[in-house]
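You will see chain A twice below: alongside chain B first, and alongside chain C after that.
Up next, the complex of A and B:
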């Protein structure tokens, strides 16, 4: 038996292909939206993985350091390091800022890390160029997406930093590239007030009679000195000894040190389930709408193509073609359109994905699922045209 | 023509068709009697609205009559309802159609347009295409066998349509104004072909027509007026 669907497609292949390409661009947009969501999840995941921590110790009752502000004294690590199961600790400070570079603003996450020895929790696990930070001040390692070059000097707040290393896929949960700097610098960037504010604060303190008591010499100087010290961090990253149970150690820290400690699983839950939940729902809604629009467009295309063949279908029915032959022809054409559309869409998403400002992750599993969904949508959409075709009266082929 | 031992290809007895019901009912056929023998080419003429198309649709098992009896080659097809469960198979295997316009399938080439019918009947592709080529040769369009429909002239398309109607050895062909779009010469050629085919394959052919120039080619003509047929004797009518 002749394959009527393929003959019809080959007869008007240019029109069919053009329609498939148009549909493909829509499918490409849908796949890209899925990729944006996957990219957001992956950004959160790499943030957790790249920190090299098993536990995050944060200010009590907060979801810090990524989802909520958290402030700890920078010496609390001493008490934590003594708890059984803790192998290593690392203070870390995180701050997202707008950095001016080459005449344009770039949003980056400043990460303060301890640089006294390599591979402290919080430090970038690998570099693609350059070296680790060796000095206690004014050196930086930048993610390549920050647009900085090795040896380049960049101004962050009050100071200039030299880029000594470059790394890759070190981003915040929002996808902003990270710039690693020594912890002391990050503490200043985050907690130290500007000079005008300091002068103002000193004047206010000096005017306060409580700090100028005659019987307590040096009180005012001590109070003013404390205003210029930045001794806080956002979290203490904890690496556990092999075999230590993260939940048990976290409980110990919470019980004895009065902090909140999160395990990796809990931090994933905070970042992925809570922090990007609204964005995920937003994208999910968009995906549903795009799927409905795709289905409507496929249905419309197939319906229009079918109506253009009313006379041929009437003749086919008149000369004895069974319903399944006619339905099969329409279904096969809808599926062929879906296959062309998906291929074009996947290629388009792969081409324009890297141009997006945020990470677009196109997973093979999502592509397979997307392909199945596209074919299902096409099959369902063709049902409208099949119903119309089966309703065509063979008498239409006969005049009168 | 000796008809004593023959079974009529078509026999209609009091065939009726009513559209609608109640006050809006219209009787398109009011009891049509008609007998057509194998190998005959019979004309069916009448003014617009007389019931020609309705009769053709009833004969083609496309619409259901509302009364009377219809026999095809001795089998009762209709009497108080259809007597054949699969009307599509009936149309495919026993009735050929030729339309005013050829209505060929534009996305199939000439051979496949003709071969499609036997393929739908379950004949394998090779045999179906062989049968198609035989018919195209008989109709003198074998040289266009591989052409697309759009590359054919109107006359060639009509010949291919006739070949398609014969592709399943249908004993009956219903032709709805097959010469309407053709000039006199081509119209007469088509009628000559139909007469030849009727004689060669013993096919009964009913030709619905308004075309005065082909009227003389019929031996018998049924006039249909107000839903009833009146046979015009044509034994002496020239072919």
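Up next, the complex of A and C:
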């Protein structure tokens, strides 16, 4: 038996294909939007995973270090390391800055990590080129999106850093690439001021009669020296021994050390449910509208395609074709269009996804769901077209 | 029938191409895609080790020169950068009453000397009187034996002689006292002179003035410095090295110094001293590095990077440091096994300066390890070895 649908498609295949491709690009845009949404959530998730921590100890009462500023003295780890269940601690400092590179400003997150041993908490868990930081100062590992090359020297605030390693998918919750530097350098970057500010601050202290008293030599110098210390970090990352309960250890730290400690689940809640919630919802809302528009366009295309074939359908009816055959033809064509559209869309999204400045995550689950939705919409739209086709008067084949 | 068949062929070719593209997208993205990795082998190699620290240029000995008593600065004769000799006058404090006190002391010494003369004269006079009285007493004693004078007259003369002798003894004591007075007055005068000399601030060494901290007219307290002098030949570096990476720090290690003012120059030096007391707050060890030959124009306080060369390990089984990973509190390496990643826990030993880690157990020479990967690996992750990831 001849398949009427494929015969009809072959008859006007160019038109059919182009319709499918056009539809596909629209579906591709929708899938990409979904990918952008997933990418945003994933940015938050990788930030948590890549730090390699089980607990985040931050300044009491803050949602730090990612969602709120938090400041701790850099020796509090000593007390935390003694708590039962704590395997390893690592100081970390986070700061988002604008870095001038090749005459362009790039927004990057500077991450200060301890480098006395390899793989301390906070260090990037894998590299795509180069080596870890081995020197106590002035070496850096950069995310590839920062646009730095291996061996390149880059100036951040007061010092030059050599890029010794490159990594991938190490981003802040807003998608800025990370640059890892030794903690002491990061503390300087974060807490030491520029020369002008230092000089002004010195002048202010010198003008203060409490610090600049005649007959007390050395007081002013002591006061000024104490003002230029960089002794803070943003968080202490804690790794737990296997089997230790994060909530118990966190409670212990909160109760006796008087800091706030977050477990991984709480951190995810802060980052994903709170920090990026509104922007993610914004994208999600747009995604819903785009999906509705896509569905409407698919329905219109199939409907008009059917209406364009009024004469042919009338002839079919005239020669005695059954309604089932006509309905089958339209449904098959609609589904074929849906399949082509989905394939084109998925390919297009896969091709242009990596070119986006921020991460686009195309999940297979989303693709499957998208495929099901596209086919459902095609089937629904074809039902409207089928109704119209069945209503066609066979006389139209002869009449005009 | 020819034309539809060609059209069908073209369409099916297009369709196959299309499905192939889709298949490629699915295979390279998403969970079916294998993670690209680079591989390297464990090999016997020479491990160059080094320590790295940040240093500041300091003077080994810095002399803060100031008065021992509070006072006002009268003159400052040198300025920053002046080269001075040992013993050279650098500054002077105001004398205030010091001259008057010196003059008073001198006058007191002179009057004490005069008093010695007076005492000497008195001694001569009382001595001669005692002699006369004794002679007179002797003569009367002689006359009494011949019964020319009474016993009463003799007693009176004997008493006169004894009194004159006592007068002489008193004059001797007065002379001794006057001489002590002279010594006291002279000591006082010398002391005043010393105090006065302390108001002259002189350089204890040959060196260079690094700071002029007080100007004429300003009042300084005892111990406050007016001028600072250093010996420019004694410049060295105070280097701070992270405790966690300070193993092997020892006197005599060769050092490579990069001064901030000349970042492309490597200056040779060595460790002269390692402080026993580290910095407990910054968690750093402190050592002093001397230049082999002091470069010209080095400024005190200049920042420098110091790389210390530790003795190399001639032959060790090593892997690239980037291969060292961590899996739930356990360090180890990822190995490729049947196209899948497999974690092997190992303990790293020494890490070299150029990024090689010594492994003593768990790996043999020639064993392959995964160095770089495009994603975090897990046990069983499908991997695809490539030459380079970027």
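Simple rule for what comes next: the second predicted complex is superposed on the first by the 359 of 400 C-alpha atoms of A that agree within 3 Å, B and C clash if a C-alpha of one lies under 4 Å from a C-alpha of the other, contacts with A are read in each partner's own complex, and residues count from 1 in each chain.
Definition applied: a residue touches a chain if its C-beta (ideal position, glycine included) is under 8 Å from a C-beta of that chain, and two chains touch if they have at least 3 such contacts.
Predicted model only: the values in this text are computed from it and were never measured.
In the superposed model, C is the one of chain B and chain C that contacts more residues of chain A. After overlaying the two complexes on the shared chain, residue contacts for A:397 are found with chain B alone; chain C is out of touch.
Contacts of A:315 after superposition on the shared chain: chain B is touched, whereas chain C is not. Residue contacts after overlaying the shared chain place A:325 against chain B, while chain C stays out of touching range. Once the two complexes are overlaid on the shared chain, A:10 sits against chain B and chain C alike.
Taken together, the two structures place residues 10 of chain A in contact with chain B in one case and with chain C in the other. Those residues of chain A lying in contact with chain B across their complex are 1-2, 4, 7-8, 10-12, 311-312, 315-322, 325, 393-395, 397-400. Interface of chain C with chain A (complex): residues 4, 7-8, 11, 18-19, 21-22, 25-26, 29-32, 52-54, 219-221, 223-224, 241-245, 263, 281-282, 305, 320-322, 324-326, 328-329, 331, 348, 351, 353, 355, 357, 371-377, 388-390. By the touch criterion given at the top, residues 10, 13, 49-50, 52, 75, 87-88, 114-119, 125-132, 134-138, 144, 160, 164-166, 168-169, 184, 214-215, 217, 231, 239, 241-242, 343-344, 346-347, 350-351, 353, 362-364, 367 of chain A touch chain C in their complex. Those residues of chain B that touch chain A in the shared complex are 52-54, 56-57, 60, 62-63, 88-89, 91-93, 97, 99-100, 103, 105-108, 112, 115-117, 119-121, 125, 164, 176-177.
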